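Please find the structures below.
Note that subunit A is present in both complexes that follow, paired respectively with subunit B and with subunit C.
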Partner chain A sequence: MAAITEFMGRHRRTLFIALGLLLFLPPLSLLPQLAGEVNMCGAVCPRMFFILSPKGIWAGLIKGVQNAWFGVALVGLILSATFFFGRLWCSHLCPIGGATELVSRATPSRLKLDYSFLPAPAFRYGYFAIYAVGGLLGIGSIACKFCNFRIIPFLAGAPFVPAFRTYLFTGMGMAGVAVILLTGFLARGGRGYCNLLCPVGALDGLSNWLGGKFRFNRRMRTDETRCHGCGQCVSVCPVWALRGEGKGRPPVRDQLACLSCRECTQACPQGAISYGRR
Partner chain B sequence: MGRNRLKTALKTALFAGLGLVAGSLFANFRSPDYRHASLILKKTGESGLLAINDYSGRQVVALSLKNLQPASDLILQGEGFAIQSWYPPALPLPFKSWPVVSGGKSGEEFRARGVRLGQRLPLYLIVEGNEAGGCRELTIRNGANGALIRTVHLTPGGDNGGHH
Partner chain C sequence: MDAVKRKIIGMTTGAGCGLGGMLTTLPCAGASCAACFGCAGVGVGLALLLTARKFMRQQPVTSTEPFQSHAT
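Then we have the complex of A and B:
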């Protein structure tokens, strides 16, 4: 019993990710099936309803909410939970980021790409601006192109569903797989897509940043009086949210990027990082 | 201090710009062998056009078909392309009913039973070779009585019209 408890404690986040995969991804797709879908498209799509439509912002929003009612409810729940408790969805349950992270963990280190030199929030919100208003400005719409919520479920369901294979073997499908491969499966930490391109992640990061302004909300916090500035937390962060030189000074945490995954808590030899209120 | 702030601001602006460029490139990305389209089934007997890419090789048209007419048993047929749907799920749960789909190989009819009013039926039309000037026809019939619901002409030429 103690061994099981210890195992559960050590691998808690991995077990939550596995639960997310079971709930959302084919072949089971339990929650999408409840909403009448077989994958995370259609009524379950969490990333299209907030795109500003060139046919009219309000009309587009209303239509988007009607078409993707489950996705809207899911995003509402995610953003509310993030505001009060940090990014628990992205770090613990998201089947998309979870899948890329699990594959990345199994990828040999020598093959991994390191994007930590990028100031992710700046890039992400530039990309997000085009994502949200590109169609309205006549630049073009990203919408389903390179969609992580499409590619990962299609990859998971490809052995069972011929139509998923049909999509994946088109130029559009292969381009999407390439982006997931480069920013997810082969990225250090496996969260490059989450941190740079995911529009739900961008909204969630904003909610996390906003919630971090309030003292009563739970966040990842560093006790600067205990921190020795060794930099170990910086090296394990999958979303490069911690910046510091590791020369005796505490790192700076960017709440726009922080995933609330608690990898830094486990890595800190001083026990200086905790999840809680200020 | 001031210099550091300026450096951070410039770096932020540079990478936000890079994000804008990446977003614009992604938004403009087109694949000649893939196209997304939607079709609403309303009145019976209508005919319409469906623009496909002007591409000589195999192309896939992702067709989101929304059923806004009463017939729930649909037969789709066309020459020169195969039809696939991602329904039903790989492991259907017992408490949900799904459209039952069958057939759909090139030249063979594709049948979907149990498509409720208002339900979306995602389809892939796999067009094998798109000859110049060629136009394909997709007919949608009521499986219960054979009545024509809609005829759709697949016209190569993308958004700029076509050769129909």
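Then we have the complex of A and C:
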């Protein structure tokens, strides 16, 4: 019993990610099936409804909410939970980021790409701006193109659904797979897409930041008096939210990027990192 | 490199990747498209990322940044 408890404690996040995969991805797609879908498109899509429509912002929003009611409810739940408790969805339950992270863990280190040179939040909000207003400006929409909420369920369901396999071999399908490979499976930490391109992650990061401003939510904190600056937390962070300031100095944490995954808490030999309110 | 410059480069690269991906995939309106404009979009994105990396490497980060002030 003690061994099981210890295992559950050590692999808690992996178990939550596995639960997310079971709930949202084919072949089971337990939650999407409640909305009559087998993947995360259509009524389950959490990304389309907030794209500003060229036919009118409010009309587009209302139509988007009607079309993707399940996705809207999901995003509402995610943002509310983040505002009060931190980024639990992104770090523990998201089947898409979770899937890329799990595959990335199995990828040999020499193949991994490191995007930590990028200021991720700035990049993400630049991309998000184009994502949201592209339609309004009449330059098209990038919503389904390169969407990992589309590609990952298609990859998971490909052995079972012939139409998914067909899509993956089209130009857009291959481009989507290339994006997932480069920013997910082959990325250090496996969360490149989450940190650079995910629009839900962008909204979630804002909700987390706002929650922090109002002192509502829990977040990762480093006790500088206990930190020896060994840098182990920096190396395990899947979203490169920690930046080492030099030997012996505590790392700086970027709260807009931090997933609250608590990998750093487990890695810290001094127990200097905790998760809680200020 | 100061924090503002770093943020501007980050936002420009992100917006450039979005625009590049969007414009190069305009002909790929349907899922049945067999042309590889999508891959060109990925290529444009990668080129922008590499350019940003070059900039970042030339000018290393030297100080903490404003949005990190509430870090610990």
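List of remarks:
As a working rule, the second predicted complex is superposed on the first by the 276 of 278 C-alpha atoms of A that agree within 3 Å, B and C clash if a C-alpha of one lies under 4 Å from a C-alpha of the other, contacts with A are read in each partner's own complex, and residues count from 1 in each chain.
Please note the rule applied: a contact is a pair of C-beta atoms (placed from the backbone, for glycine too) under 8 Å apart; a residue touches a chain by one contact, two chains touch by 3 or more.
Small disclaimer: the values here were computed from a predicted structure and weren't measured.
Once the complexes are laid over each other on subunit A, subunit B and subunit C cannot both fit and instead clash. With both structures placed on the common chain, the touch criterion links A:Leu30 to subunit B but leaves subunit C unconnected. Contacts of A:Asn39 after superposition: subunit B is touched, whereas subunit C is not reached. In the superposition on chain A, contact of A:Gln266 is made with neither subunit B nor subunit C.
Contact with both subunit B and subunit C is seen for A:Met172 once the two complexes are overlaid on the shared chain.
In the superposition on chain A, no contact is made by A:Ser80 with either subunit B or subunit C.
When the two complexes are overlaid on their common chain A, residue A:Tyr115 makes contact with subunit C while staying clear of subunit B. Of the two partner chains, neither subunit B nor subunit C is touched by A:Gln66.
When both complexes are overlaid on chain A, the residue A:Asp254 reaches subunit C alone and has no touch with subunit B. When the two complexes are overlaid on their common chain A, residue A:Pro162 makes contact with subunit B while staying clear of subunit C. Shared contact residues of subunit A, touching subunit B in one structure and subunit C in the other: 118-119, 122-131, 134, 139-142, 145-146, 167, 170-173, 175, 196. The touching residues of subunit A, counted against subunit C in their complex, run 115, 117-131, 134, 139-142, 145-146, 167, 170-176, 178-179, 182, 196-197, 212, 221-224, 243, 245, 250, 252-256. Residues of subunit B touching subunit A in their complex: 11-24, 26-29, 31-34, 36, 59-60, 62, 84-93, 96, 119-120, 122, 124, 126. Within the complex formed with subunit A, the residues of subunit C that make contact are 6-19, 21-23, 25-26, 28, 31-39, 41-42, 45-46, 49, 52-53, 56-57, 61, 64-65, 67-68, 70-72.
The part of subunit A that touches subunit B in the complex is made up of residues 26-30, 33-34, 36, 38-39, 41-42, 118-119, 122-131, 134-135, 139-142, 144-146, 157, 160-164, 166-167, 170-173, 175, 196.
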